[in-house]
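One structure below.
Every chain is named by a letter (A, B, C and D) in the order it is written, and numbering of its residues begins at 1.
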Amino acid sequence: MSQFRVLIDSNDEKGLVYKVSTVFFTNNLNILSNSEFVDKENNKFFMRSVVDGDIDFASLYKALKEVLPSSANIKVIEPKKKNIIIMATKELHALGDILIRHEAGELDANILAVISNYDKLESLVKKFDIPYIAISHDGYERAEHEQKIIECINNYEDVDYIVLAKYMRILTPNFVETYSDKIINIHHSFLPAFIGANPYKQAYDRGVKIIGATAHFVNNNLDEGPIIEQEVIHVNHTYGWRDMQRSGRDVEKVVLSRALKLALEDRIFVYANKTVIF
Amino acid sequence: MSQFRVLIDSNDEKGLVYKVSTVFFTNNLNILSNSEFVDKENNKFFMRSVVDGDIDFASLYKALKEVLPSSANIKVIEPKKKNIIIMATKELHALGDILIRHEAGELDANILAVISNYDKLESLVKKFDIPYIAISHDGYERAEHEQKIIECINNYEDVDYIVLAKYMRILTPNFVETYSDKIINIHHSFLPAFIGANPYKQAYDRGVKIIGATAHFVNNNLDEGPIIEQEVIHVNHTYGWRDMQRSGRDVEKVVLSRALKLALEDRIFVYANKTVIF
Amino acid sequence: MSQFRVLIDSNDEKGLVYKVSTVFFTNNLNILSNSEFVDKENNKFFMRSVVDGDIDFASLYKALKEVLPSSANIKVIEPKKKNIIIMATKELHALGDILIRHEAGELDANILAVISNYDKLESLVKKFDIPYIAISHDGYERAEHEQKIIECINNYEDVDYIVLAKYMRILTPNFVETYSDKIINIHHSFLPAFIGANPYKQAYDRGVKIIGATAHFVNNNLDEGPIIEQEVIHVNHTYGWRDMQRSGRDVEKVVLSRALKLALEDRIFVYANKTVIF
Amino acid sequence: MSQFRVLIDSNDEKGLVYKVSTVFFTNNLNILSNSEFVDKENNKFFMRSVVDGDIDFASLYKALKEVLPSSANIKVIEPKKKNIIIMATKELHALGDILIRHEAGELDANILAVISNYDKLESLVKKFDIPYIAISHDGYERAEHEQKIIECINNYEDVDYIVLAKYMRILTPNFVETYSDKIINIHHSFLPAFIGANPYKQAYDRGVKIIGATAHFVNNNLDEGPIIEQEVIHVNHTYGWRDMQRSGRDVEKVVLSRALKLALEDRIFVYANKTVIF
């Protein structure tokens, strides 16, 4: 008995559910969960099913391929621990939250390494017997520094996701393209408000009554990638920007961890710079 | 071209999605939306689809009936305005919110009448050209009073839902059974906390930091019916119980209107004293 | 026995609370509530007290004036119904919510009139016996149209607040200055995200997972005035922009009504394009 | 220059603010923050001020004592790290969150020790160089087991708070009285809903649409102590009780940490089984 997550996206047309469910039925598979969504505006169809039964990956993939339109994207995924690399700078809360969840067995992931441009977080990471690689940006051009990071990442095989747990350096298009759809970032505002540096200071200056955090995939345009998850908290006039920062950390870590969980469970489709999440 | 909402619940077994989607496909129907849920613990299957195509009610129902297990509940519903009767007592906010939504064309419903045990709300309801029937409980046994209400309701045909918009009298089992699965109530607490009278006073006495409201179907046990929707707001030590009541009204009206909308759109399954909502 | 709301803002210096409380104590006043805030960054002091006792307005004001720095702003306000004019366009929900609250006696305000650039809302407003003045912008320059509105407003005395309940026209600096700190607007996004036209469409295009609404005072820069209140709701990929709009209305009306209530209770200080709210 | 937190609660009477502010003014103290609340129903006055200036503890306390009613409770507290002992059982998330915050320097506290009735959490706690004492309840009467814990706690001086970070054993009245107003517990429901064992199972069975967590002081009646903080999240029919438990953990840890922070900053008054929080 094998279990598979089946993710399909396609131009919409009649009969897609019928065709997929026919494959499941004729192969005698159990449907453990099944979600569909049609984006009418763009005529796009999305489907995620979890099935189990007596079938192997290749047969299931082939059976789906045969019935679905050639334009359909089909993923058949065997549930297993994904490999992640975390990048951080100096802040401890988002990284710490992931480490604790990992320790608790909550995350279906292997943390291959933590890479930082400082050594500040080393003592924390080492407690958890996870490799910590400090790659200082000091004295390097941005591209040079990133190249060293890429080389470091290349030491690891099958990296599924790179999690930016408050990595505070801007990434170049080259870096981002290298790991397209694999980089998850936490931005400390409810995007698209307060793009860029020090969003809490911006929020304080604007006098908002709500602050938030946004987890998103990183694409070429800073802070403009597909949003995975957002959350907010209420603030008031007694909050200076450092108070906002302090309170905001609790939102940041929760939002990042939720987004990571969704990614690890293969629940996210990216389309038109947005996400469909089942 | 007709549009139908198809609601199916059944014991779970392999092939249900396949069978339903086969009916849709062979009848050349478009699936506008499709939601499924399997309650593993109870082995129950729930499905709601919205389809359109060149088919009539009887043919679609028959086609589904033929392929589905005999134990399956099948509803094929043509979208149209539902008929509702509102019951209220003296408070204006929840009733007023429904009246304004109705006026705005937001509610897919005809308000047949408002029934109250007082005449206080008459001037408001009359503004909207909706019949207002005051049936005082004064001098009547509970059963007698309810009988007069039932007679009043019986003057109207095809009543889909009875909405208790802060109707502050306890209903007898007889009344509730008469309109089984048709009565939607708003209770002014996050049930099951603060069942019974004056929940805001109870909340104040307990010193809670959050208050809420719960919309639910009414069954025989007061405040214990299947929950449709809940929402909360934060309060603090500066709130006396009347402040909680005042702030709570905004939650009550929003929760009741959301629940009513879900019912009018045939999005709710009731099962095991719970709701499955698509 | 008179009751007064005392609002003081001033440059901060030692002894302000002492001085104010000395005035209250030596005049034998009860303090019903008392709130203070010091903005350290800007060295500003804010205080709002509600007191009652055997004193008249002039004596209390004079006593405070004598002890406080000359730079202090002192307001001594007798609680009474404020006069408001509502401006709207075609949408019913925010206006309707205010009308229902007014009818319920929840709002400490007289609604002098509703002004709209369309006649669509007339039948609703007339139900509540409130004057409705349609002033079409059709065929007029913006300034001309506004001049007609100003003339209409000038027919009423002692207008405390102008409430923009989804008034969908941009106001000129001249109009805004004429009613400086008196215009309360509801914007249908969590500002500063999605300034300008059709924020729900913008939110949909950006793929956000949270939408919101912002009530703010209007100053010269559109959507950039001091924020009074914000609230949000979660959305997901199934929401088209019209679904966001529909769900957003519930947030808009609640946020506007909360902000209006704060204004009517004299709880808002405006300072540095922000609000301090007690 | 010293800084003090001044906490006063008293029967309400005229002049209390005047008297306290006179002490601050005549001693040339700066008021950094100032909060007051009068519970009219119970005629109780609460005040918390943070002041700095050239004064010592004894002089400030004496000055306040002289002017305030003899019934007033006066606390003058020098801000410093408080000493806490954490008790846990097997769950890692709430404990882990506190450890990470402590490591990040977010908590103004020394963690003297972690006591558990199991050894499961030892490896985590040891990473942070904090003493871990496993005191198994196996083979002991409840009173005996608690006596061993009390002896363990007695090894530490000046214990300010005992934090129950998912300590899953019921405490006897004797234990609770020994540490009256010092024990902070996290309960995994929005109390008073779902008192007792397995609240997530109870919530699932009841079909609620919101789950929550409650931090409270522990008094003799289980789950009935003064509530410090509550938070909730939305759930739906797809959540089994273990899903609720999993999602609920994020709420539990945030609520407990917020409550602990309030306690460490001396922001909580306990009165009439409720809290006043500034």
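Here, a residue touches a chain if its C-beta (ideal position, glycine included) is under 8 Å from a C-beta of that chain, and two chains touch if they have at least 3 such contacts.
In this text, all values refer to a predicted model and were calculated from it rather than measured experimentally.
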item	value
Interface composition of copies subunit B and subunit C: same or different, split at half	same
Geometric centre distance via CA averages, subunit C-subunit A, whole Å	41
Mean-CA-position distance for subunit D and subunit A (Å)	35
Residue list for subunit D, restricted to those that touch at least two other chains	40
Overall pattern in which the protein chains touch one another (line/ring/star/complete/other)	complete
Of subunit C, residues touching subunit A in the complex	37, 39-41, 190-194, 206-210, 212, 226-232, 236-238, 240, 272-277
Complex contact set, residues of subunit C against subunit D	14-15, 17-18, 21-22, 24-25, 28-36, 38, 40, 234
Subunit A partner contacts - residues on subunit D that touch it in the complex	92-93, 96-97, 99-101, 103-104, 106, 124, 127-128, 246, 250, 254, 257-258
